[in-house]
């Protein structure tokens, strides 16, 4: 019973079917009929004109997004626990030509506008100090918390006032939207987001994420950078097909709801063991070594996150029986 | 009737079946059972110990291979028509941190050891001039010619004598092996190749190429660079599955033979119109504008390559009737 | 008797005196009184508003100039014999984050607008091919030829029409101005030059070149990039002092005239041995090995440039007796 | 009365005299007689074979040193207040191709081996996390504290055990040596330092620092990187002359003793106002706004460092009367 990572989950049937359907000759790279539908499909979803590019990983999406807003001599402000800082082996630095990540704190990997403003005020505006040019937030955060629309908007207002771009790492953006019951627009451009790494892979996709620019002109140079990074796939129709299949009939939202519901069920059983409220599909649980061993002894797989803390992640396809079994096992500890 | 690009072709059924079979939970990134089989599978194919990494494009494979051999202040010697120079939007420069591509000539995009040696001798060994650290060749070349084992070995001997790494861009390596009837080893490590971008996508794959290091220790830092470039896919089992499916029962070789045979059939009909001998699956044909229009009028799709020259590419799945029709149409011009 | 390089020459007395005069406490970096005078002093010289930055080498000036106009995924068009390509160990690639130098030909390292336009037309405007964003020319060229104002203007018009920046490597800009008898404006912004690496060191300076932006806003990010490259000197007053001393009373022009005159005298004696007309202070001479040895036997020091070709450079301080002796010796060969 | 920065000070007479003496024709770049003496002169000073390169700034020295030890996908561990992090506009990232600076704490910008070890232990050794490859310390630190030989050795032992290079930013290395009364060797290679940025400019030099490699083979690629960064000066003899003049008769040590003594005199007067012990030539003083204004009213110039804290720096040439006046003024507050 795997609660290790939503990357371990199945690819959902709609995506598999779309791959089979896409298996016919068409133009290479992003010249095929499916890739050419992406801008329109995502513009409709977001209710505004966007540029949408498929990419093969969230790391690439994040790197390309930041490269569109930040030059090598500038900086990105982000949380010290942000995925871009801790788990991408320096991809932002690679894509931006060496921009600095400036790290700030905040519980649950959530950033607070006042903290950010104070941090930014501490930077002298002279050439000796790297100047920030973008703010990057993760929604849902690395600890499974969500920024609500007004929270995004507050950060967006700050970014705009300072002349920074605003990037959202949305590896679990679908889970955040599902959790809040808002529109994708509410959590993105309406709050001032300029570029969104919109995750599909953890949510039932196979190998494709979407990079969305709400200022479509940012996509122009990005298309060159995507090629230069080796991310312009030669049979792009198989990438586009995955995204379109998940937009169709809101599969992306259905899957996210399923994962969130599973996590919520487990969270209900966890009570005071929760390190953070469970707002999306990740659960951080206080467990002694003995408790962790006991759960593993019953067949539950999950990661140790820190001493005394375990991380459990629910997938879109988490079997209900596994979820129920885990909830009971935790309650029984 | 498409003769535009082997990227336009179908994904072969073995690969599609492997994707379906791989759709079960497993560890993320390259920790899954399939990814962990790659080193052994390619070591067996090549008859020597190799490190094998999946990547999503030939451009990424080339960039990572060169980054393993060349630092930013150094250079790569390659042909002026090499794909890495003309069609990758500066990916080698991106991956190596700004290394210079030093361009040389030679008919059909084939390099000659004597020319390379003379070129290298013209570089002063002082700090003002960029010093080459690698040689990169393409087999089959961008004009569809193949380097035979002894030709590779001559370049490998040169590289070793100069202290350079030898990289082979094998986007159509399978076609070269099929054309020559030799072993993969004959065309690679036995001739001194250190790193091979082994192409599968043009040959019936979907989205995965193999990067092969014949000096396996070169893979160590490459694994970090792959992550940093956003090329460590989170559901890597679907990448590994494609490669393993094509190694199984030599599907890769079967597909390459099919494409080569189609091209040979057309070449036989083309006679003196051929710009180069057709040794693999690409045909460069002298056509007047009127002749090109006439062929297109009969439903044949292909690229204009240069004034008076068309490029036609045969795929692994090129319908025999299309091939036969094109051969007749060309003969009838 | 040294005709090796203008780098070997003395620092002129005005510069030495200015260093002594500058040796008093003042603010660090470029906050001192002398550095703050540079914009105005060069604006006056050029008759238009410019931003002027001191830097420690022509290589740094060139790199920073190109970085202000070209991103890493783009390209610079230049001559295959350009200093930025052949003698800077990849500095343009370093400063631009890996932009590609696209090489073209032309006698005497001079570029022709028609050739450049034809070359640019051969580049497909798709993401597979690196797109040029700047043109870089050297005046006087690496072979001592000068672009006249109308020649610069023709290249400037081409650059503007294509949307490229125009950079001039002016390591010997003073010699070009002196040779033509025009104004510095005629050879720069009036012809469409956006950024000029204005050389002083070969012309009697010690350790400082000027980087001039005719679109002053390009200097904003450059000031950060200069710091980031370690070129913001902590006692900048000694850099500014050198430039101001050479602007004062047109020392820069006096020195250049002297070097040009010396070269012209030798050229007159060389007749048909000249590889190129001597328009500035460099002489490329056809010499057999025996002739070269004979000259060296008489105490003349110079570089072999290519088989059968020697390069001789005259400095601002070349003793008249040495010049006369060399002229006679060449005539007597 | 300036206590702003040791960069504001005079160039010492020995350096000025050396510049005048160096003003004779010689080979360009680092081929001149003076530059060729550097390795030997610094090897003698350090009592071991070193490679010594002149560079124009401490920022360049630091960047080049780190680039010799760290690749772009790796990291440098340093203090959060390190100059390389806070005051070089991202130069380490530029020179290393985007390596990450990993920040740790410690009072007075001093690092503690146990803290560093614990920090390093928190990094997973997988490809998702950037792996450190070097440790960088500053001696004297950014707050004027010194690492004693045994403290350097403890960090050196840690670095060696972990396989990291050890870099010392010695912008005020002379002040540290003078303060400790030890040998330069005691503070560098004997403690495991691999590369030292040895500062001369703040200590009476004009425009040249020394980059010292105690593993001389690290200098080989560095010489190319120095050129590529535009730091290979064309009249290098004027750079070498500065360093040699300060090594001669231990001018560097004399100057550092003078600056330290001035600071010590002021520190004696400051008593409990000192934020840190004054071990070199920097003084961090607790001052109310009124007190700071009072001092400024008496003609003393210094920086506000943080709310309630002023920084005062003594130079090698600080007039004794100014020092005495300041000491009295502080005592009288």
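Order of writing sets the chain letters: A, B, C and D. Residues in each chain are counted from 1.
As a working rule, a contact is a pair of C-beta atoms (placed from the backbone, for glycine too) under 8 Å apart; a residue touches a chain by one contact, two chains touch by 3 or more.
Note that the structure is predicted; figures quoted are calculated from it, not measured.
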(request) Would you pick out the chains that touch chain B and also touch chain D? (result) A, C
(request) Using the touch rule from the top, work out which pair, B-C or A-B, shares more C-beta pairs. (result) A-B
(message) Taking the mean of the CA coordinates per chain, how far is chain A from chain C in Å?
(response) 50
(request) Could you give the separation in Å between the centres of chain B and chain C, each centre being the mean of its C-alpha atoms? (result) 42
(request) Take the average of all CA coordinates in chain A, do the same for chain B, and state the distance between these two points in whole angstrom. (result) 34
(request) Could you check chain D for residues that touch two or more other chains and list them? (result) 29, 72-73, 88-90, 94, 97, 127-128, 224, 227-228, 232
(request) Mind listing the chain B positions that touch chain A in their complex? (result) 2, 4-5, 7-11, 16, 19-20, 23-29, 55-63, 88-91, 94-95, 201-202, 206-207, 224, 227-235, 238-239
(message) With touch defined as at the start, can you tell me which chain D residues reach chain A in the complex?
(response) 72-73, 75, 86-90, 93-94, 96-101, 103, 127-130
(request) In the complex, go through chain A and note every residue touching chain C. (result) 29, 71-74, 97-98, 127-128, 131, 221, 223-228, 232
